[in-house]
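Each of the next two complexes has subunit A plus one other chain: subunit B in the first, subunit C in the second.
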Partner chain A sequence: MFSIPTFLESLVPLFWAARYTLLISVAGIALGLVIGTLVCAARLSPSRALRRAGAVWVSFLRGVPLLVQLLVFYYSLPLFGLDVPAMVAAIVTVGICASAYISEIWRGAINALPRGQAEAAVAIGMTPQDVWRRIILPQAFTLSLPALINELILLVKASSLVSVVGILEITRASQAQAATTFRPLEVYLAAACIYLVINLCLAALGRYLEHRTAV
Partner chain B sequence: MQASSVEIRNVSKFYGPFQALRDVNLSIPPGKVTCLIGPSGSGKSTLLRCINFLEDYSAGEIRIDGRMIGYEAPGRRMRGRALREMRRSIGMVFQQFNLWPHMTARENVAEGLIRVRGLSRPDAAGRAADALAKVGLADKMDNHPSRLSGGQQQRVAIARAIAMEPRLMLFDEPTSALDPELVGEVLHVMKALAGEGMTMVVVTHEMGFASHVADQVAFMERGELVGVDTPGRILHQPEDPRIQGFLRTYHERNSF
Partner chain C sequence: MDLLQTYGPALLRGFGVTVLCWALGTLFGMTLGLLIALMRHYGPRWLNWIIQVYIEVIRGTPFLVQLFVLYYGGPLIGLRLDAVPAGLLGLTLYGSPYFAEIFRSGFRAVAPGQIEAARAIGMSEPSIVRRILLPLSLVSALPALVNFSIILTKETVILSIITVPELMYQVSRMSAETFRFVEANLVLALFFWGLVETISRLGRRLETRITKHLLERT
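Moving on, here comes the complex of A and B:
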């Protein structure tokens, strides 16, 4: 029999565990945005070496599963004598992994802009900095918002993988809960509901932002 | 308004092994309208884009009011700052308008005044309004480009250029992307500008405009400037068989 009380009781601790899920996803995407922007700049730079380095970074990170990246990163830290909290290791790995996707999102958006727009700005004597700041980036940002929100949703789901390094986020918390209550179905269903609510909220936020910035 | 003159001397341009301009010579007198005509791929856009150095040229020199653009001396590139200084007084209008879609018409015009001319926002907004009124768009200032017709967009692009108070205006097929019924409004604005004594270089397929407004017409073919003369002598009594051939094709295509 499905136990509705167990289902409802599980929601509370899992909801509490969601703060780690959110922390990892949001900090991860923030770090990913910073690194991803640098990687994108490298890929668009005139220097062939930088372009190659950026391309290698992207294909490496996209070619190795996040779970494996996480384990490699986490277990290689002691080799360097680093004692990093699991949470930090998780955020850094998630951020680095996201940077590969985010740099591609940026690059796609920038390349999608007609070249003539930058030319028109150059022709009236704008500096390259102003061309980027005033013409290219604002539009690239608007263009990539849906993809960035989508990336954030993927990260919320992918953050379940960090349970392997012992962080008590939603998935790990529900495993523990399931073990003590002997009611895995109720507990995991509760976890599913919480993920769903978070991601529906993010999707709604995405639609709102997209609507607000649309011209 | 001071009007610039342009001297193009022995200019050649290569794209890799392909020679797009062959030893081009052309004098563009101040306050006059020069039309560039010729078949597709003959190098009209390339020559025009060399004048404000959107394209670099491989040999020769282009002087605007006596000052060479793009190079300090033959082979030595101009610094970015000096080049921007020169471009400030050269307006350019593109076939595809190239407005910035995330800004309103007025913001499109004000942007350069703020960033390049250093005007305050209110001053720039005022000047932008004046420039838009001049091209007949006083009532469309707060529209984004997506809410304007092609002809209106092109007039915003012209306003954006003239608000900078250029001494030379370059037009690259400004009406080619427009529906036929919208061509007139853009040509009308260009004629008014010519009437004010602006130096204009216009790449165009509008032979009517070239014939009525141009002071001189230059014909290009395969990267070569074949001839330059008054519109009457180029368009109505051409001597060069290449020009005759081009005009024959033009007339055949435009008769029905």
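Moving on, here comes the complex of A and C:
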């Protein structure tokens, strides 16, 4: 039967493993923001080739399951003579995957801004750089904050997949724990609880930000 | 070429299992989701509360962990399932809250006047659901339904981790035996890309057809 002590005991090491889950998701979203901004810029650029390349990037990364991306990336690195730790490979893969979604979030937010904002800025004589830097981007960022938090929640869940390349985050740690205790039910439920707590906190943060930035 | 001869049948079988899991998982998930949405719409408050918890739990945890709980934890409480049924049950449970939310917002998009009018002419509640609420909400929910079904095709690869013999599982076995990890996974990636692009094209065609048809009737 379900043993509550086993459940509670497995919470501690899994909680400790959660730091890798958080590291991968947070570093992943940071990298995704950088690449995603570039991709978004490419998709909005006047050059046709750049727009096309951006669209292919987004469609490929959104069309291929993350697990497959992870394995492609993980196994192809040595071909280029790159011997990086599994952790780095995982963060880079998660970041690249997130970049596709983030660029779409950005694009949506930029398109959602009323046209008059940019036109007014041009009318009072701002340079195009200033219009982007001071008018469009700050507003787009506030608009997209809830969606970005949502993306972070998705990444926390997606990071469970990097367990297949051997990183001891929550899922991998729970597998090891289940193998030694022979109590998979309690251990995996404990893992589920930790994920749930992390994501509920993030969701609360998202709601708070949404309220604060609502105009 | 040799590779294809040796592993072709296994890959084909794997593809079959992938399609089967996806189709049934989507169908069951959508059905369960619809039931959940209806229960939230018509059920008592306490039921709504339980459903809310269920939705939060499923949406707040990774699919992989849910599968582990079902497949490896299940036997401890007498739920002994083979990999494929466990995977199907997992997909159904995983998809249901997302589908439920899609249906719920579809219900909300139905103008209240439509329901009131149906009541006023004396239609019974079940037939209002069947003939007014569902058809109208399906139209507005269709893009989201198609979208989430596409997301589910990608989730099926995770079933390989609990040894469901679907496409990814067969590809991993093949690459482990031939040491062609990169090529095998790259081909798999291209395959999924094509699949997802095709399904979303078909989905868009379906959407325009269905909405056009209904627009003409009104």
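Please note the rule applied: the second predicted complex is superposed on the first by the 215 of 215 C-alpha atoms of A that agree within 3 Å, B and C clash if a C-alpha of one lies under 4 Å from a C-alpha of the other, contacts with A are read in each partner's own complex, and residues count from 1 in each chain.
As a working rule, a residue touches a chain if its C-beta (ideal position, glycine included) is under 8 Å from a C-beta of that chain, and two chains touch if they have at least 3 such contacts.
These numbers come from a predicted model, not from an experiment.
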Report task. Following the overlay on subunit A, give me a clash-or-fit verdict for subunit B and subunit C. Result -> fit
Requested in this report: State whether A:Val72 touches subunit B only (first), subunit C only (second), both chains, or neither.
Outcome: second
Query - First (subunit B), second (subunit C), both or neither touched by A:Ser45 - result: neither
Report task. Could you look at A:Gly63 and tell me whether it touches subunit B, subunit C, both or neither (first, second, both, neither)? Result -> second
Query - Touch count on subunit A, higher of subunit B and subunit C - result: C
Query raised in the report: From the CA centre of subunit A, what is the angle out to the CA centres of subunit B and subunit C, nearest 10°?
Result: 100
Query raised in the report: When the two structures are overlaid on chain A, which partner does A:Ala123 contact: first (subunit B), second (subunit C), both, or neither?
Result: first
Query raised in the report: In the superposed arrangement, which partner chain does A:Asn111 touch: subunit B (first), subunit C (second), both, or neither?
Result: neither
Query raised in the report: Where does A:Leu200 make contact in the superposed view: on subunit B (first), on subunit C (second), on both, or on neither?
Result: second
Report summary line: With chain A overlaid, the minimum CA to CA distance between subunit B and subunit C in angstrom is 26
Report task. Would you mind writing out the residues of subunit C in touch with subunit A in their complex? Result -> 56-57, 59-66, 68-69, 72-74, 76-77, 154-155, 157-158, 160-161, 168, 172, 181-182, 185-186, 188-189, 192-197
Query raised in the report: For the complex, which residues does subunit B have touching subunit A?
Result: 52, 54, 80, 84-85, 87-88, 90-92, 94, 96, 98-102, 111-112, 115-116, 144, 146, 157, 160-161, 164
Query - Interface residues, subunit A side, partner subunit C - complex - result: 1-2, 59-60, 62-69, 71-72, 75-76, 79, 153, 156-161, 163-164, 170-171, 174-175, 178, 183-189, 191-192, 195-196, 199-200, 203
Query raised in the report: Across the complex, what residues on subunit A touch subunit B?
Result: 114, 116-117, 119-128, 130, 134-135, 138-139, 142, 215
